[in-house]
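Okay, got some structures for you below.
In the two complexes that follow, chain A is the common piece, with chain B as its partner first and chain C second.
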Partner chain A sequence: MITAILPEIALTVAALLILMVDIWLKKKVIIGYLALVGIAATLVLVLQSLAVEGYSFSQMIVNDNFGFFFQVLFLVAAFITVLLSMHYFRDNTQILGEYYSLLLFAVLGMIFMVKATDLVMVFIGIETLSLSVYILSGCLREDRRSGEAALKYILLGAFSTAFLLFGIALIFGVTGTTNLNAVAAAIAGKNILLDPMLLLAMVMLLVGIGFKISLVPFHMWTPDVYEGAPTPVTAFMSVGVKAAALAVFLRVFLMALPLLNPTWRHLLVGISVLTMTVGNIIAISQDNIKRMLAYSSIAHAGYLLIGMIAGGETGISSMLYYLVVYTFMNLGAFAVVIAFGNKGEDNLAISDYAGLGSRFPALAFVMTLFMLSLAGIPPLSGFMGKFYIFSAAVKEGYIGLAVIGVINSLISVYYYLRVTVMMYMKKPEREIIVAPVQPGLLLTLVITAFLTLQIGLFPSFYLELARASLF
Partner chain B sequence: MLTGYGAILFYFILVVAFAIFALGLSHFVGKRTSSREKLMPYECGVDPVGTARVKFSVKFYLIAMLFIVFDIESVFLYAFATVFKELGMLGLIEIGIFIAVLVVGLAYAWGKGALEWE
Partner chain C sequence: MDIAGIPILTFLVFFPLVGILFLLFMPSGNGKLIKWAANIITALELVFSLFLLSGFNRTVDGMQFVERASWIKSLDIQYLVGIDGISLLLILLATLLTFLATLSSWSAVKDRLKEYYIFMLLLEVGMIGVFVSLDFILFYVFWELMLVPMYFLIGIWGGERKLYAAIKFFLYTLFGSVMMLVAILVIYSHYGTFDLMKIMAQGNLLPMAIQSWVFLAFFLGFAIKVPMFPFHTWLPDAHVEAPTAGSVLLAGILLKMGTYGFVRFSLPLFPDACKKYMPYVIILALISIVYGALVSLMQKDMKKLIAYSSVSHMGFVMLGIFAFTPTALKGAILQMINHGISTGALFLIVGIVYERRHTRLIAEFGGLSSRMPIYAAVFLIITMSSIGLPGLNGFIGEFMILMGTFAVNPVWAMIAALGIILGAGYMLWLYQRVMFGKLENPANEKLSDLNLRELATFIPLIILAFWIGIMPKPFLDVLDKPVEKIVKIINPTYYDKPPLEIKKDGTPVHGGNAGSHETPAEAHTGEVK
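Now for the complex of A and B:
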C-alpha cells in the first residue's frame, strides 16, 4: 500500500530535510544540490512505481502510465528549474531554504494532482501546488513587483479555487460521490445528462481548472504574475503548473465526465480559439520579454486544447507530445532570459536584446533556436508538435479549428522573430552587462537546446511514449 | 419532510425562552449599580468603538499563523483520540509522523527567529 506513494514520501522528506539543513547550515549553496538529489531520488522511485500499477488508498489515487508520464515530466522540469535557480539566486542565498522546499512541495502537489482519482484528492493536490507557488512568486521580498504578483495571484487564485470547490460540491450533490469512476457510472446510470446542476458543475470545474492553465477569459492574472515573479519561478509556472492543470483537466473530464463530451467539447472549441487568438495578438504589442512569453504561454495553452478537442488516441497523444516539446523549448527560452538577466531582473525589455548576436553568439544562437521552435518553424520540435496537433484536428473533422490554429501560428512568428531580429540586426542602445553563465545554467541551455532539436528530428520515441501514456 | 427537525425547532424555542427568562429574571430581581467602567462594552480589554486604522505589529500575524498550525494539530488529535484503540500501533506511528512534520515546521520557525519578539 505504502509503495504506491513512495515518490511522494521521498519528496516530502527531501523538502523537510532542506528546511532543517537551512537552519543548521551557514553555506546555503549546498541546499540547491540537496534539492537536485531529492528530485533525482524521486525520479528513480517514480520509475520503480510502475510496478505497483492500480488503485490504492480507497481508490483515492492511481498508479498508471498517464500519471507516470506526467510525473517524469514534472520532475525533469523541476530539476531544470533548480539548475536555473542556482544561477538566478547565486547572490541572494538567504531565502534558498524556503525557496527549494516550497518548490519541492509544489512538485508534490503536482504529483498528487495527476495521481488523484477522487475530486477531493484533486483539490488537495491543486491547493498544495497553488499555495507553494503563491509564496514562490512573491519570494523576492525587496522587489515590489514580486509582491504585487504574489498578491494578485493569491487573490484571483482563491477566487478560482472557490469555483473549483463549488463545482466539486455540485458534482457530489448530483451523483452522490466524488470518486471519478463512480461519478461517471452515476451519470451513466441515472440519466441526468441534461440536469442543469450537472452542467453548472461542469462549467465550474472548467473555470477552476482553466484558471490554472490560464485559458482566455481566465488569463488576466498571467502576464502580471509572470512578469513580477522571479524568472525561474515564472519558467516553472509556465511549464509545470500548466502541465499539472492540463493533466487534471484530462483526468477529470475524460474519466468523470466522458458522457458530457459533446457538451464540453463545444465549449472548448470556443475557448481554444479565444485563447490562441487573444494570446498571440496581445503578445505582439509587448515590450517586456517576460510579458511576451506570458502571452505566448497563453497562446500555447490554446494549441494544446486543440489536441484535447480532437480527442481519441491521436488527439490526446499529440497533446502529450506537444507538452513535452513545449516544456523544453519554453524552459530554454526562460533560461536565456535568466542568463541575460544579469542580477536577476535586469535587461528585460526586448530592445535590450539588440546586438546580442555579435556580443554573445552562442547565447543568441540558442535563443533563436527556442524562438523559432516556439513559432513552429521546421525542423524544430515546435513544428512537429503543432503538426501532430493540427493533423489530429483535421483527422477528427475540426478543419476550421486547425486553420485558425495555423493562422495563429503565423501571427506568432512575428513576435518571436522580432527577438531574433533584435539580436542580429539592431545596434545596442545602451551598454548591457551580462554576468558569466554558471555551470548549472550552461547545462540547462545545452540540454534544452539539444532536446528542442532532437525531439523534432526523431519524434517517434516520444510519440510512442505519449501513445503508451493514455488511459 | 421537515418532521425530523421538530426536535431542533423545539430546542430553538427552548433556547430563546431560557435566554428571555434568565435576562428577565436578572433585570427584575437583580440589583444595579452603574459606574463608568461598568457601562463600557468590556470592563477590561480594548474599546471596540474607534478608528479601524490602528497599527498592529506584523509579529502578531506571525504568532497567529503559528498558533493556527498547532490549534489544528490539537483538533486533529482529538479526532485521533476517539479512535485510538481501533487504529492500534499503525495509527500511533501515523500520528507520530504527523506531529514530526509539524515539529520540523516549529523547529524551522524557531531557528529563523520567528518566536523572538525583538
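Now for the complex of A and C:
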C-alpha cells in the first residue's frame, strides 16, 4: 500500500530535509540543487509507480495513466521553476529554505489532487497546494506588491474554498458518499438527476475549481496575484496550479458527474467563450508583461475548456496535449521575463523590451518563438495544440465554438506581436541592464525553446502520450 | 528526380532553410560575405528549380514529383508534396523573384543584414512550401509560416508607418486564414483525410450546405490575400511601408497565393458553391478592376499607385478564374505570372529611384529620362507590359481572360476592358510625369543611371515579358492538363458539346461550345505561337 504513495513520501522527505538543512547551511544556493535532486528522485519514483496501478487507501487514491501523466508534468514544471528561482533569487538567498520546501509541498498537494478519487482527498490536495502558494506569492517581504498579491490571493482563495467545500458537502448530502465512483453510482441509481441540490452542488464545485483555473468570471485575482508574486512563482502558478486544477476538474466532473454531462457542458460553453474573450481583450491593453501573461493564461484556460466540452477521447487528449505545449511555451516566456530582470529592477513594462532584438538577439529570438507559439502560429507547438483542440471541437460538432476560438487566437496575436514589435522595431527608451544569465536559466531557455519547436514539428510522441493517459 | 539524393521538391523547399543555418553561423559584422552568401543561395535555388523543367511531363494529367511521407500519424497529417503545371510556373516565378529581390537589396538594405537575408530565405521556404503542399495542414503551415518573415521585413526595414502596416498585414491575412483552418477541419470531418489527392480521387463532393460555408471560409482566406475589394485595405499600407524587396515578393508571389488557392482548392473541391457564388465573386472582381484603376489614377505616391494597380490586375485574374472556361482560366493563371513579372519589376523600378532620392512622390520627379536613359527604357518596357501592349506578356493574359469571359457574359468583359483603358491611363500618366518633361527639381540632376547589378535585376524580367508576349505556347502548354481537369469538374458541360470548329490541320479545337467567340481566341494564340 505504501508503494502507492512513494512519490509523495519522497517529496515530503525532501521538503522537510530542505527545511532542516536550511538551518545549518551557510551557502543557501545549494538548497536549490537539493530541491532539484528531490524532484528528480520523485520523478524516478513516479515512473516506477506505474507498476502499482489501481486503487488504494480505501479507494481514496488511484494510480493510473491520467495521474501519471500529470505527475510527470508537475514535476517537470517544478524542476524548471526551481531552475528559474535559482536565477531569480540569486541575491535574495535568505528565504530560499522556506521557499523551496513550500514549492515542494505545493507539488505534493498537486500530486494528491490528481491521484485523489475521493472528494475529501481532493480537498486536502487543493488546500495543501493553495496554502503553499499563498505563502509563495507573498514571499518577497520587501515588496509591497508581493504582500498585496498574497493577501488578495488568500482572501479570495478562502472564499472559493468555501464554495468548494459547500459543494462537497451538498454532494455528500445528496448521495451519501464522497467517493467519486460511488457518487456517480448513486446519481445513476437514485434517479436524482434533476435534484436542485445536486445541481447546486455541481455549480459550487465548478466555482471552487474554476477559481483555481482562473476561469472568467472567477478570474479577478489572477492579474494582481500574477503581477505581485515573484516571477518564478507566477510561472509555476500559470502552468502547474492551473494544470492541477484542470486535472481535478476532469477527474471530478467526468468520474463523479458524468450523468450531468449535458448540463455542465452547456455551462462550460458559456464559460469557455467568456474566458477566452475576456482574457484576450483585456490582455491587449496591458502594459506590464506579467499582467499581459496573466490575462493570456486566462485566455488559454478558455481554449483548454473547449477540449473538455468536445469531450471523448479526442477532446480530453487534446486538452492534455495542449497542457504539455502550454507548460513549456509559457514557462519559456516567463524565463525570458526573468532573464530580463536585474537586481532591484524587474523591467516588467512591455516598453522596456524595446530594442531587445539588437542588444540581446538570442534572448529576443527565443521570446519571439514563445510569443508566436502562444499566438498559435505554425509550425510551433502552440499551433499544433490549438489545432488539435479545435479539430476535436469540430469533430464533435462544435463548429461555432471553434470559430470563436480561432477568432480569439487572432485577437491574441495582436498583443503577442506587440512584444516582438517592441523588441525588433522600436528604439529603447532607456538603458536597461540585464544580469548575466545563470546556467540554470540558460538551460531552461534552451529546453523550452527546443521543445516549443519540437512538439510543434514532431508532435506524434506527445500526442500518443496524451491519448494513452485518459481514464 | 533527385538532387543530392533528396527528392527535388523537398530539396527546393528546404534548401533555403539550409541556407539560413549557413547564414546563422556567419559573423554578422561581415556584411559583404552575408550578401554574397544570400545571393548565391537564392541563385542556386533558382538554378535547382529549373531542374523541374527537365523532369516535368506536360502530357500527364495529375500531380508530378509526388512525395508522400507520414508526418503526424495520429492526426492523419502527411508530408505530401507534388506539383502540376500551375504550381510549376508559380514555383519558378517565386525562385526567380526571390533571387532578383535579394539582388536588388544589395545596397538598399544597410542595417541588420543577417536578419534581413534570413527572413528573405524563410519567406522563400514558405512560398515554395505553399505551392508544393498537397496536404491541407502542410499547406496551412506554410501559408502561415510565410506571414512571419514578411511581418518582420515590413516591421524592421519598412518606412515611417511600418509598425502599423506590419501589424495590419499580419492580422488581416491571419483573419482570413484562421477561418480557413476551421473550414479545413470541417472538410476533414467529412472526408476523414487532409490528403488533397485522395479527396480529388474520391470524386464525391461535400453536401451543398457544407460546401457553401466552407467555400465562404476559404473565400475569406484567399480573397484577403488576393486582395479583392473590399478586403484590399491592408495592401497599400503594406506595400508603401515594405522595403523594395518585400514589395516585390508581396506583389509578385504572396498575392498569387490567394488566386492559387482558388484554383487549387475552391474550384475543384467546392464547384457547386463556386457556381452559386460566382455572380457575387464576379461583381467583386469587376469592382476591384475598376475601383483599383480609378484609385491608382489619383495616387501621388508611386508605390501606392502600383499597389492599387495590383488590386485592379488581380481583379482580372479573379474574373478569369470565375468564368469557368479553359481559355479564361489559362489566361488567369498566365496573368498571375505576368503580374508577378511586371509588378515585381515596377516595384524594383520605384526602388531604384527611392534608393537614390528617398522619396516616392511622383511630384518630386520629372524629366528623369534625360539623366537615366537606360532606366527610362526599362521603365517603358515594363509599363507597356503592365498596360498590356501586344507583343508583351500582359496582353496575352488579359486577352485570354477577356476572351474567355466574353464567351460567358459580354458585359463582364466590357466592364473589365474599361479597367484596361484606365490602366493605360494611370501607367502612361505615371511614366509621363516621372520620365518626361523638364528636369526641374535640382535634386534629380545628379541621379545616376542603372548600374550593372541593377540592370541585371531587370533583364530576366524583360526577357520573360517579351517571351510570354511573343511565344506563350510553352507556358500555356504546361497549363493545358491541369486546367482541363479543373474545368471538367466545375463546368463539365463545357467538354460535352461536340467541337464546332476544325482547325486547318484537321485537329478539333478543344471545347468548342463557346462557338464563334472561341475561334478568334484560338486563332489568335495560334498565330502568336
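We take it that the second predicted complex is superposed on the first by the 469 of 471 C-alpha atoms of A that agree within 3 Å, B and C clash if a C-alpha of one lies under 4 Å from a C-alpha of the other, contacts with A are read in each partner's own complex, and residues count from 1 in each chain.
Just so it is clear, a contact is a pair of C-beta atoms (placed from the backbone, for glycine too) under 8 Å apart; a residue touches a chain by one contact, two chains touch by 3 or more.
Being a predicted model, the structure only gives us computed values, none of them experimental.
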{"item": "Touched partner set for A:Leu372, first chain B, second chain C, both or neither", "value": "second"}
{"item": "Chain B versus chain C as contact partner of A:Tyr33, first or second or both or neither", "value": "neither"}
{"item": "Residue contacts on chain A - larger count, chain B or chain C", "value": "C"}
{"item": "Contacts of A:Met20 with chain B and chain C, given as first, second, both or neither", "value": "first"}
{"item": "Doubly contacted chain A residues - partners chain C and chain B", "value": "none"}
{"item": "In the complex, chain A residues that touch chain B", "value": "12, 16, 19-20, 22-24, 97"}
{"item": "Footprint of chain C on chain A - complex, ascending", "value": "358, 372, 377-379, 383-384, 387-388, 390-391, 394-395, 399, 402-403, 406-407, 409-410, 413-414, 417, 420-421, 424-426, 458-460, 463-464, 467"}
{"item": "Interface residues, chain C side, partner chain A - complex", "value": "72-75, 112, 137, 140-141, 144-145, 147-148, 151-152, 155-156, 162-163, 166-167, 170-171, 174-175, 178-179, 181-182, 185-186, 188-189"}
{"item": "Touching residues on chain B, where the partner in the complex is chain A", "value": "101, 104-105, 107-108, 111-112"}
